[in-house]
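Structure first, then comments.
To keep things simple, chains are lettered A, B, C and D as they appear, and every chain counts its residues starting from 1.
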Amino acid sequence: MRMLINVAETVVADALRGMAAAHPELTVDVENRVIVRRDAPVAGKVGLVSGGGSGHEPLHGGFVGPGMLSAACPGEVFTSPVPDQMVRAAAAVDSGAGVLFVVKNYTGDVLNFDMAAELAEDEGIQIAKVLVDDDVAVTDSLYTAGRRGTGATLFVEKIAGAAAEEGQPLERVEALARQVNENARSFGVALSACTTPAKGSPTFDLPPGDLELGVGIHGEPGRERRAMMTSGEIADFAVHAILDDMTPRNPVLVLVNGMGATPLLELYGFNAEVQRILVERGVAVARTLVGNYVTSLDMAGASVTLCQIDEELLRLWDAPVRTPGLRWGM
Amino acid sequence: MLDADHFRRWMTATAASVDREAERLTALDSPIGDADHGSNLRRGFRAVTAALEKEAPDTPGAVLVLAGRQLISTVGGASGPLYGTLLRRTGKALGDAAEVSEEQFTQALRTGVDAVMQLGGAAPGDKTMIDALVPAVDALDAGLGFGAAATAAEQGAEATTPLQARKGRASYLGERSIGHQDPGATSAALLVAGLAEAGAGTGADPV
Amino acid sequence: MRMLINVAETVVADALRGMAAAHPELTVDVENRVIVRRDAPVAGKVGLVSGGGSGHEPLHGGFVGPGMLSAACPGEVFTSPVPDQMVRAAAAVDSGAGVLFVVKNYTGDVLNFDMAAELAEDEGIQIAKVLVDDDVAVTDSLYTAGRRGTGATLFVEKIAGAAAEEGQPLERVEALARQVNENARSFGVALSACTTPAKGSPTFDLPPGDLELGVGIHGEPGRERRAMMTSGEIADFAVHAILDDMTPRNPVLVLVNGMGATPLLELYGFNAEVQRILVERGVAVARTLVGNYVTSLDMAGASVTLCQIDEELLRLWDAPVRTPGLRWGM
Amino acid sequence: MLDADHFRRWMTATAASVDREAERLTALDSPIGDADHGSNLRRGFRAVTAALEKEAPDTPGAVLVLAGRQLISTVGGASGPLYGTLLRRTGKALGDAAEVSEEQFTQALRTGVDAVMQLGGAAPGDKTMIDALVPAVDALDAGLGFGAAATAAEQGAEATTPLQARKGRASYLGERSIGHQDPGATSAALLVAGLAEAGAGTGADPV
């Protein structure tokens, strides 16, 4: 166990105390596990609430702030939060303009957010929901829980957050969020498993010479194990998996996302390969983001997300944002 | 007849076995899941026993509704809403009678299990907790008693091993989910075993 | 080997190509290994140049941009860059107002920057140098190469960068940089070794139940090995090592820095412990930064840096900055 | 007398042995350094042989000055400026004679080693390349020839093992630096061995 923690049971609470100390611009309710931008509710503004298991930082708590989420609900590590958190978050950010729940498509997240939506509506809060399901490694069929929500969550939260900040109404913010998700696809690769505090050992065995293709962000194995490949070969595999599923006509946003333990030096090198393939395939790139944004604790590896955008989405992407994890223009 | 105390014993016995088996549940959730099932349920059932002690509900229905609400409020993940719904809907179906018969309970439990199937969309054979719960209710329905129900649940859980998952996280793995026992079916078998323990009066006392 | 690379020899060049693609606001000279802000030289502005071995990203290349570095020179992994790079960087950013070299105190960096300074001066560029040596784990005596430069580098580059951006003259920018360094102390801890591309295996053996106290940022072992400690105990050790060496009278800037593979979730939890001790010791905190800023490839662990500041330094810290790795206010 | 070709062979022989021993040098730089010494020198000496081939300097001094400049421009780290200075200053001291005697070379090399000591501030016993270079020059000074110098350098390198480092990265480790052979002293011994190979005419031909 090589974790910088006290005991597994307090990992999330400890992190929230540390966030509170580092970010006075956020209201961090450690006891109830809700992170809210300090000026909420903002009059006339749609509230944007997301959440999910912890261990994916900066997602979601690190994306709370002007221009992005109004509030986030961190669950236990890799465990969806409970409805009480979401209801509390919705109540804290609702100005009367309604609240959009951004939900990654996992059974736990879906069920808990659904219950929360019912309870919040009982309290008179108008709730809309958008599901994020961008991971092409999962076949979307009757035989699975559907595609997982991964990297596209960042694009959805940023773009819907910018629209909400502009004062756009709930239906419009929801429609934009859905548009982003429908135009986004991801594929992830693991070079190592991760270690959850509760388990204390790697979630699966991966010999150093192997890699897992098509992994999610919860330390689960992927669809397929292969012998180690070069950065270029991995990029080929990931980008082609995405482009087999979507043919972008418009420019794309690119996210080259680290799973947690892969150095930024390697992520940039990986980005070079991703961009090479996009050039080869004639896909125009509008913006590129490289870094650890949707992580899986200390897993080594990376994911690629492409999101086809139009002019409005690009404008909203470029709009100012001020959060611990993503910040520009203010 | 089963009184509130019987159901309290059920919850306490389950909390104890979940506590004992938490590492195994998490280990089962590791190759085909995200390694949190044991700690999820341990947190939840600890909250259940604490709440039962504090609020001391006095009907079978109230015990299970309170337990279900606690699970929903403290577990999270997929299993929290599912187990929470199971107990809450079973409890609701029991109404506010001070005592219930085994037949009434069996019918209520069927309602609870149906609610779980509706909420999660899983059918038998999908490699979920349903594969332990349905055989257990069937055994009760056939009048075989709690002990037989526990055995049926246990066998149902073991029978998930060769299945390919069609619901929950394990479904992401496709064929690679084959060969592993489902953690939720395993914990469901613990839950049903708790019922047998409570019936035998062997449930640990509330702490 | 669980690295996302092509071959060890091209790691730095690959990363630079990836940076170029992600950051059109920078001029990335892949061949000559210099990263320059696109608008350089800025008339009348002092140039700020730093550099060092690669593997510490975002340091230094990720700190190039308005309000921080004018240019950075990335060396091979953990290898100081060569004088040619520094001279080229100085020439690219000098507007006639002179150039400040920010040099981390390692034999290689010092020797190469010294040679570069001579060569640049021969070309008529006025050069000043500031050495960063903040690591209290190293005894500063005749029997060592002196204290290493680690986390304080970020504070020096940010604050000197803000002063340069304001148009302050070379002597003043240099004096401020020196003031920051003199008031900054760091201490680092490793929970795992890192793996360099050239070696392909961990730089030292650290059994999972052990940790190294007092490590640098080059995968070298620390001063002492101990059995695993809790986050709170590690924070106690690190912060006390710093406070044994410096008694801040003024508020401090706090950097809780990840070595690379430690999840942000854990870093925030560690920050909670650091802040607890600062409260206990009566040290006032002005600002806190938590994240992976001065890394050591995929090493697990963290470092703490405290920097005592006055009002001017705080104003310069808060001033707008726009770089890939640190950005606010613009 | 030693001509430009002799010095070219020296560089080529060193490049070959550094190539061969790069992994060992990096391994030595691992427990008390940062695991880059082998790849640093390999990169540098490859650049040296490439430059010598391309520019074909025709005096001993010019060969060494060019080699030193190449090391400075391609190695980085501590060893780049130090080895670069060693060769450059030795070359400069040789002037522009077309041939030099062993005595002239020995004196020039002493100048080079002194320059390294001044630049890096290391003295014998500090656990650095100096601990291999000084014994080698002393052996040449005593007229023992290149072979004996190589042996002296090798012994000097081995003798760094029990020392506590006082310069370079290894000094950060304090007492923990004891018990490891210094990578730079080890590469310095390769450099001196290259001299003996070149003298014996056994240096590999330029590629």
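By definition in this document, a residue touches a chain if its C-beta (ideal position, glycine included) is under 8 Å from a C-beta of that chain, and two chains touch if they have at least 3 such contacts.
Chain-to-protein mapping (UniProt): B, D = Dihydroxyacetone kinase subunit L.
Predicted, not measured: the structure shown is a model, and the values here were computed from it.
Common neighbours of chain A and chain B: there are none.
Steps from chain A to chain D, taking the shortest chain of touch contacts, total 2. Centre-to-centre, using mean CA coordinates, chain B is 73 Å away from chain D. If you average the CA atoms of chain C and of chain D, the two centres end up 31 Å from each other.
If you average the Cα atoms of chain A and of chain C, the two centres end up 28 Å apart.
Centre-to-centre spacing of chain B and chain C amounts to 53 Å, using the average Cα coordinate of each chain. Contact of a single residue of chain C with at least two other chains is seen at positions 77. If the chains shown are joined wherever they touch, the resulting network is a simple chain of contacts running from one end to the other without closing.
In the complex of the two chains, the chain A residues touching chain B come out as 8, 53, 75-84, 106-108, 111-112, 115, 137-139, 142-145, 148, 196, 198-199, 203-204, 216, 218-221, 223.
Every residue of chain C that touches chain A in the complex is listed here, in rising order: 1-7, 10-12, 14-19, 21-22, 54-55, 57-58, 62, 77, 191-192, 208-209, 211, 228, 230-232, 234, 256, 260-273, 275, 285, 288-290, 292, 295, 297-298, 300-302, 322, 327-330. Taken together, the chain D residues at the contact with chain C in this complex read 26-27, 30-36, 38-40, 43, 72-82, 119-120, 164, 166-169, 171-174, 176.
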